[in-house]
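Chain lettering (A, B, C and D) follows the sequence in which the chains are written, and residue indices restart at 1 in each chain.
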Amino acid sequence: MAQVRNNLYAILEGAHPKWGRLYALFSNTVIVVAVLVYAFSTLPNLTPAQRLTLQLAEVFVITVFAADYFLRLGSAPKPLKYAFSFWGIIDLIAFLPALILAGTDLTSARLLRLIQLARILKLTRLASAFDNMLAAVREIREQLLIFLILTLIVLFLSAVGIYQFEHKAQPDVFVSVPHALWWSVATLSTVGYGDIYPITAGGKIFTAVILLIGLAVIAVPTGLISAALVSKTNATNKENHDDEP
Amino acid sequence: MAQVRNNLYAILEGAHPKWGRLYALFSNTVIVVAVLVYAFSTLPNLTPAQRLTLQLAEVFVITVFAADYFLRLGSAPKPLKYAFSFWGIIDLIAFLPALILAGTDLTSARLLRLIQLARILKLTRLASAFDNMLAAVREIREQLLIFLILTLIVLFLSAVGIYQFEHKAQPDVFVSVPHALWWSVATLSTVGYGDIYPITAGGKIFTAVILLIGLAVIAVPTGLISAALVSKTNATNKENHDDEP
Amino acid sequence: MAQVRNNLYAILEGAHPKWGRLYALFSNTVIVVAVLVYAFSTLPNLTPAQRLTLQLAEVFVITVFAADYFLRLGSAPKPLKYAFSFWGIIDLIAFLPALILAGTDLTSARLLRLIQLARILKLTRLASAFDNMLAAVREIREQLLIFLILTLIVLFLSAVGIYQFEHKAQPDVFVSVPHALWWSVATLSTVGYGDIYPITAGGKIFTAVILLIGLAVIAVPTGLISAALVSKTNATNKENHDDEP
Amino acid sequence: MAQVRNNLYAILEGAHPKWGRLYALFSNTVIVVAVLVYAFSTLPNLTPAQRLTLQLAEVFVITVFAADYFLRLGSAPKPLKYAFSFWGIIDLIAFLPALILAGTDLTSARLLRLIQLARILKLTRLASAFDNMLAAVREIREQLLIFLILTLIVLFLSAVGIYQFEHKAQPDVFVSVPHALWWSVATLSTVGYGDIYPITAGGKIFTAVILLIGLAVIAVPTGLISAALVSKTNATNKENHDDEP
């Protein structure tokens, strides 16, 4: 009996030598299906047949998640510890709200159904490499924080500056500093939707200067994360090599 | 006889000391011509003279590719092995569909003619450095996969978020979550066409937050590939130096 | 008495073991409030109640900044040295103009009030890591200067080139070389608002070539700053490790 | 006499201990003035006074450049070698066309006047660090070439793909593959002007996939250049340190 239970737990955790990988693949596929069902259920003008398909897929997803939860609860060495762990709560949230709302219309109670999207986080469970990455980010968290503050300062000062230049020329576009902040975000991220941009010579020159300075500030964190990740990986590889005789 | 055959094979492979580089240059030029002929043949309002020129160029290209294929087949040490190798199949595809469609109109049968674009891959044949790059990418494929999954999660959650903020204000633009996904792609890649963007205060603040987090996630793979490529190249250079006495 | 004075100074500088961090948090929060008050005061159509709230918040902010200044002045070991130091002047500017303008309307005298935004720089005071970053930037300032010059040359030559291609086709958009410079900035920063872009075949091909060359030039400084920052941090860490027995 | 000549040459080359830096500053300022005069002379609706100012500035610039050229020619150790060197020809081009066109209208003969912009290259003369950078780029020129080819292949295949998806839905926008290439350039550089973008579901999904793959390919060269530059600089610094006793 304990043998069966241990085997079951190993399968659910993806650790079983034979069925572990297969169950992980199945489980992740169900998560992707659940997420796609949510996305498609927001489409307007669905035919009754399409609605039915989505509802059946939802029932299937809920069943799988509920079964997964109760099997984990039953086979875990310490069921209570699992139930109150981070992943235990995510697993519960992944099916419970949907079960409660099962009788209601698919398109109603959207906000509550949003919580189910926590399922998507389960996709990351098996990847041990995530821990490596989080560790790398944690190591440079102080520098990242500084660049976050610098970025916010650059965004704010850009907004104040462009507001001074453009408010008179485009009072309906650059209405206030908060409105100008939207311009800062769209411009310094280089998204540039085209809904708000300077038209005065002063505003354009200011934009050029801000971009020259701002892009350097805003793009540096990416370089830092990459470098930390690379050095972390090298360190891990070296340790592994050192372990070898 | 065997000498002639070996020389011919060396020329075709670009390995012949005298004619190898010259043939490679000729061959690559023909590929570029073939690709340009395809591109220009899609232009509307071509004059009969222009159409004739394109057709003649196409005939020239097919002839060269067919000759190249049969000469390789004839001079290869193991013809069958070549015929069923990756490059052997690409070489065959590069002229066979065009030969079959030779009698039909240039603008017809577009989809079949698309296969010929596999010719473009022949451009990479001579560059041994491509292997170096592919090896570098392969070494970090696990990390790249994680960032691909992270990117997809970020794209999806961004779409769900912006849909909540903008659906009511712009029901015809942010129609559904799949529509909002197009916004996620255009925004987080920083392309920002301007066909879809938030107009509510909540949607704009959400966009700012998503960009702060999302850009870091999405831009990191580039840093990883660069770093892997650099370390790969350094390793290769070091090996070469170590070989020296 | 001297004990109290020393303790007070330690608290204000964030160095006091018990109250230092708390005061720093309070101080930074007040700065953020001050900045938000400035931003919101530019919003049109504020209700009288909202205006009053902003004015009260402004009074609170000025009071805190003035108290902070005079307490620092009173408790500093060398008051005069503080008064004429960089941060001493910033601290003075952070409340004095607002005090002088206290009687006037909130929305008037905007330009003078802008000076108060120097407050935002106080956010960086506690972060000793900023010095690390500035040192890294200073180390590569020669390279950064070269890339600044290269960037300006690329921007200018792009503007001249696109002007030649597009002036005749769009005389009202690409009016002159200075107008074309705005295109250069928006394009090579990849912002691409969509207010100005080439429509001729020549102009589009020129844009493609310029982007291939220009993006490499413009994006390199980011890589340099990241690399300098990483090597600086590694050096600092190594020194710290070397200090250990 | 020879002493005066040597001193003069040292000043012009920026090598004179006392006047060298000053002359370099003056010379570079004149180049910037020349470039700005060219830019402003393309502005429409200039007043007669503004035109006169620009013409006077142009006369000043030509005089300085001509004097610089003849002084260099007279003081150079080997005048003929200088006259036919790269910089000698640039120096000649910088004033000769303008001298020939001096009598004609400022706005006429634009193309010939463009040659004068070669002056801008003189800005880079004094920076010995440019050589360092060019050497770094030269070291990875093979990799850069590969990425250039890869980029062109990605751009072309993207254009062919989007043409298949969008040609029927937007026959006036995605007219042909060459037109679609403009979309590829604007999208994969992330400029995204908004003049051409997919509207079909298939085209949008294709764009998402292309961006995921393409951005990695296109952004890598920047990382490579940065890395080469950093390693080059480190090597140079190490050599300098090794030279020390």
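Throughout what follows, contacts are C-beta pairs under 8 Å (C-beta built on N, C-alpha and C of every residue); 3 or more make two chains touch, one makes a residue touch a chain.
Bear in mind that the values here come from a model prediction, so they are computed numbers and not experimental data.
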item: Chain A on chain C, rotation in degrees - Cα superposition, rounded to nearest 5; value: 90
item: Centroid-based (C-alpha) most distant chain relative to chain D; value: A
item: Same or different residue numbers at the chain A/chain B copy interface, by half rule; value: different
item: Inter-centroid spacing, chain D versus chain B (mean Cα positions, whole Å); value: 29
item: Where chain B touches two or more other chains at once, by residue number; value: 178, 181, 190-194, 219, 222-223, 226-227
item: Chain B-touching residues of chain A, taken from the complex the two chains share; value: 35, 38-40, 42-44, 110-111, 114, 117, 120-121, 123-124, 127, 129-130, 133, 148, 151, 178, 181-182, 185-186, 189-195, 218-219, 221-223, 225-227, 229-230, 233
item: Chain C residues touching chain D - in the complex, by the definition given at the top; value: 140, 142-143, 146, 149-150, 153, 156-157, 159-160, 163-164, 175-178, 181, 187, 190-194, 197, 201, 204, 207-208, 211-212, 215-216, 219-220, 222-224, 226-227, 231
item: Complex contact set, residues of chain A against chain D; value: 190, 192-194
